[in-house]
Amino acid sequence: MINSAPLVEIRWHGRGGQGAVTSAELVARAAINEGRYAQAFPSFGPERRGAPVLAFVRISSKQPIRVRAEIAQPDVVVVLDPGLLRIVNVTSGLKPKGMLVINTRRPFQDIESEVKAQWQLATIDATRIARELLGVPIVNTTMIGALLRATGVIKLESLLEPIRQRFGRLAERNIDAMKKAYQETVLKE
Amino acid sequence: MTKPESELTWKDLEIGSIVTEPGNASQYQTGDWRSQRPTLNHDRCVKCGICSIFCPEGCIEQNADGYFEANLFYCKGCGICARECWTQAITMMEEEE
Amino acid sequence: MAKRVGIEVSLAIAEMAKLANVDVVAAYPITPQTHIVEHLAQLVANGELDAAYIPVESEHSAMSACLGASAVGARTFTATAGQGLELMHEVLYVASSMQLPVVMTVANRALSAPLSVWGDHSDVMSVRDTGWIQIFTENGQEVVDNLLCAFRIAEDPEVLLPVMIHLDGFHLSHMIEPLFLPQPSEVEQFIPPNRYPFPLNPGKPVTMGAFAPPIIYSETKKAQQANLEASKAVILHCWEDFGHHFKRYYSPVESYLSEGARVLLLTMGSFSETAMAAIDKMRQEGKDVGLLKLRLWRPFPFKEIRQAVKNADVLIILDRALSFGGPGGPVCSEIRSALYHEQNRPKVISFVGGLGGRDITVAGFEYIVNRGIQISQTGSEQEFEIFGVRE
Amino acid sequence: MDKYTVFVPRLVTKKEIFAPGHRACIGCGEALAVRLACKALGQNVIIVNATGCMEIVSSQLPYTSWRVPWIHTLFENTAAVASGIEAGLKVMARKGKQITQGVGVVAMAGDGGTSDIGLQALSGALERGHNFLYICFDNEAYMNTGIQRSSATPFGASTTTSPAGKISIGQLTWKKNMPAIAAAHNIPYVATACPSYPFDLMAKVKKGIEISGPAYIHILSVCPTGWRCPTDLTVRIGRLAVETGIFPLYEVENGEYKLSFKFPQLRPVADYMKLQGRFRHLSEKTIKEIQHRVDKEYTRLVEKAI
């Protein structure tokens, strides 16, 4: 199970400006608040709005994290933008039994048929939820809900403080979006 | 008095080689650069002081009698004072004369 | 009690500058230092830090403005990286020679050309001889801890020298990680107010930066050298006192599983952490390997280096900078020279790697150690090897 | 001649802030300008000096000519250092750390340190609006290093790097208009001055230091060494620069130009040029060309002035 591994490595795929780095940061800070060790960082280098970007999170329950390299063999991959599936090999290096969390409108079964059986899959229509609750299609907090549902890597409550710190008066709506995504995420039980 | 540079050791230097004695360059004699000296004709001098204002060294001072005289410790002998004196009270004399 | 927070290291640097209650920040943005100065600007804009933020038009002016601010007795901080450090180059000498205690973090970055915004130590090595106190760090905690120490060391009346804290660009600067930030009261207790002895002040005029003819220039440089050497005692005392207060301990050369090891690897900066993981693995496999981490780069810790390697047979040094046409990595060549007169000294093997942001993995460090041992036995035709380069 | 020239002692402080014993060349117009400027500045100032003649002649370790706090660091960064000082003083006053109040910050540099290598730092400091006075002492070349041309060297002048030769008349470019560049930053005060007009110079310096915000004063400083003229003609040649319209004296206050001296008839530029060895090689034709340009620029300036 991913949530009990000594070191969990998560890679986020988004586009510049979508908030992949923010997602990573919030998850890492939540883990740190839980008293664990965690690390979040963007792909190193210049970023441009719209261009595909990566963000990374490492979570370790017992030991300080000593590796600072970009994550090449993640346990979890989170895809913020369904359009990326066509242009980026999001599963590159994803460990066997690793979890793929995808934002898509398409039904779970559709995606499942395209994904190799060696991986686990979770899908969520995060864009719809974000539009409904936030008024904008920015899915960073929504996808955290999906990640949590799919992996249990952090407690939902641990995200509340980082989100409140980060978003101020927009925090509660983001929390709602995260919770809704948590409930609506589809995965094979 | 500031120690001359030839006697200063590294331990004598202030932090960052800061100079803490303001205006101590006034110890330094520039008068020996001079090849001609200004001489004042007291009869023509109206004590206006124009010579003092135009002196690049700032070495022309008013004496007790009100005349403006160059301090030859500093005066380099440029001749500006003589040139600018509108009553022609100053003439430049060769140092050897 | 210090608070454990998850924070990006760059932001933590700005927070530490705030805790140190800096008076003036003059900075020019450059990747990967930008987040530091952005956050400082924000802290000033929010009224959380009462400082002048001078958004200068270049790094040359950034360091120059720092000189001016420091010369009137202001606590002065800036940050830069790579090309920015290069543009500051001549100003750096002035800061140290004139003993202006500016504190600067450098998000280490490769140098053009080709342009690279990513990390290595080319920028550090090019400012090696500028007379600054220079300290390497390997994680966010070390950065903020040493930044706190930096203000105290720099402004110590016995020192009055500028201090550079080096952190690897991106690998450290852009990392969100857990670290402890001290309470304001702890900071206040740890760093006394800046009391520069001869600030520019019309009440007591001084002349700073007078020029030196040959009859006196050597004396000024001897004084500077003696001063930088003497700063080591203050640095050591500061770290000791820091340990006493905060229970985290720093020393000029740090060791990891190096006790009695015949083979030693030496690294600096954030790569030391990956190297530690590699050493763990190799130790488990029964290999007699240990790790040294160089923390204090200037003043160079001759005594500690000699002590740390005296029982080793092989010392493998990984530099993240090249001295073109030279003797290998700059750190390696210094250490080699430091050991030259030693009766018992290890064979010193030089590697250069991690250039322009290229990662070195645990496996990479294993290779470096194994290859280093091999070279120590068979010798090498090259002065040094570049690790991981495609032939 | 300046109308106040008589009875100087009543009008000018005797106090020499720029102490004698400085090692400027005989007849140095720049030392004169600095000395006068310092009289106007008074003692509650901090001076930042660029590398250059005035730095070298005034601060040879272990001596200093300065009786006010003074700092020299480098050549091109004078305005930046000044901005750090200004910001530092301001913030420390606010935080209760600074005892001396109302300290003026003055940057001094030569024409090379201003219009060439220091232009970027100057532009930055002016744009950021620091409360300081920048004075450019313009002797129209790099005199400190041996009379090399700068962008402030006038057309036709022979210098060691723009020498007159068989196929060259010397400097082939027209003097960069530094005051106009400063004024383009929309700063509150820009002025030109010349120590041949000492009271005008001192009044402008006083105004410049008292005005809130950045001020820029460009002072023509005759250099007998570099201009190849007799040392006693320093003041006269400066006066001729003004009277010929080659270096008109004016102020730009909040964007409004004002001539300091109006001449119904300008003297011919030849009167100025014939006294200087650096122009000696010029033909009548070239001098005519220069006259034409000076007339045109002077007319333009008069049109701008109210």
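In order of appearance the chains are A, B, C and D, and numbering begins at 1 in each one.
Operating definition for what follows: a contact is a pair of C-beta atoms (placed from the backbone, for glycine too) under 8 Å apart; a residue touches a chain by one contact, two chains touch by 3 or more.
This is a predicted model, so every value here is computed, not measured.
Each chain's centre was taken as the mean of its CA atoms, and the one lying most distant from subunit C is B. Chain C has its Cα centroid nearest to the centroid of all protein Cα atoms in the structure. One finds 51 Å separating the Cα centroids of subunit B and subunit C.
Centre-to-centre, using mean CA coordinates, subunit A is 35 Å away from subunit C.
Subunit D has its Cα centroid 42 Å from the Cα centroid of subunit C. Separating the centre of subunit A from that of subunit D, both taken as means of CA atoms, is a distance of 63 Å. Of all residues in subunit B, those touching 2 or more other chains are 5, 8, 17, 19, 22, listed in ascending order.
Counting only residues that touch two or more partner chains, subunit C has 98, 205-208, 210, 212-213, 216, 220. Of all residues in subunit D, those that touch two or more other chains are 59-64, 66-68.
Pairwise, the chains that touch each other are A-C, B-C, B-D, C-D.
Those residues of subunit C that touch subunit A in the shared complex are 4-8, 31-32, 117-119, 169-172, 174-178, 270, 273-274, 276-277, 357, 359, 361-362. Here subunit C touches subunit B in the complex through residues 97-100, 160, 197-198, 205-208, 210, 212-213, 215-216, 218-220, 222-223, 226-227, going by the rule given at the top. Listed in rising order, the residues of subunit D touching subunit C in the complex are 43-46, 48, 55-56, 59-64, 66-74, 76-77, 79-92, 94-95, 97-100, 103, 120-121, 123-125, 127-128. Only residues 5-6, 8-20, 22 of subunit B touch subunit C when the two sit together in their complex. Touching subunit D in their complex are the following residues of subunit C: 23-24, 26, 50-52, 54-58, 60-62, 64-74, 76, 90-91, 94, 98, 193, 200-213, 216, 220.
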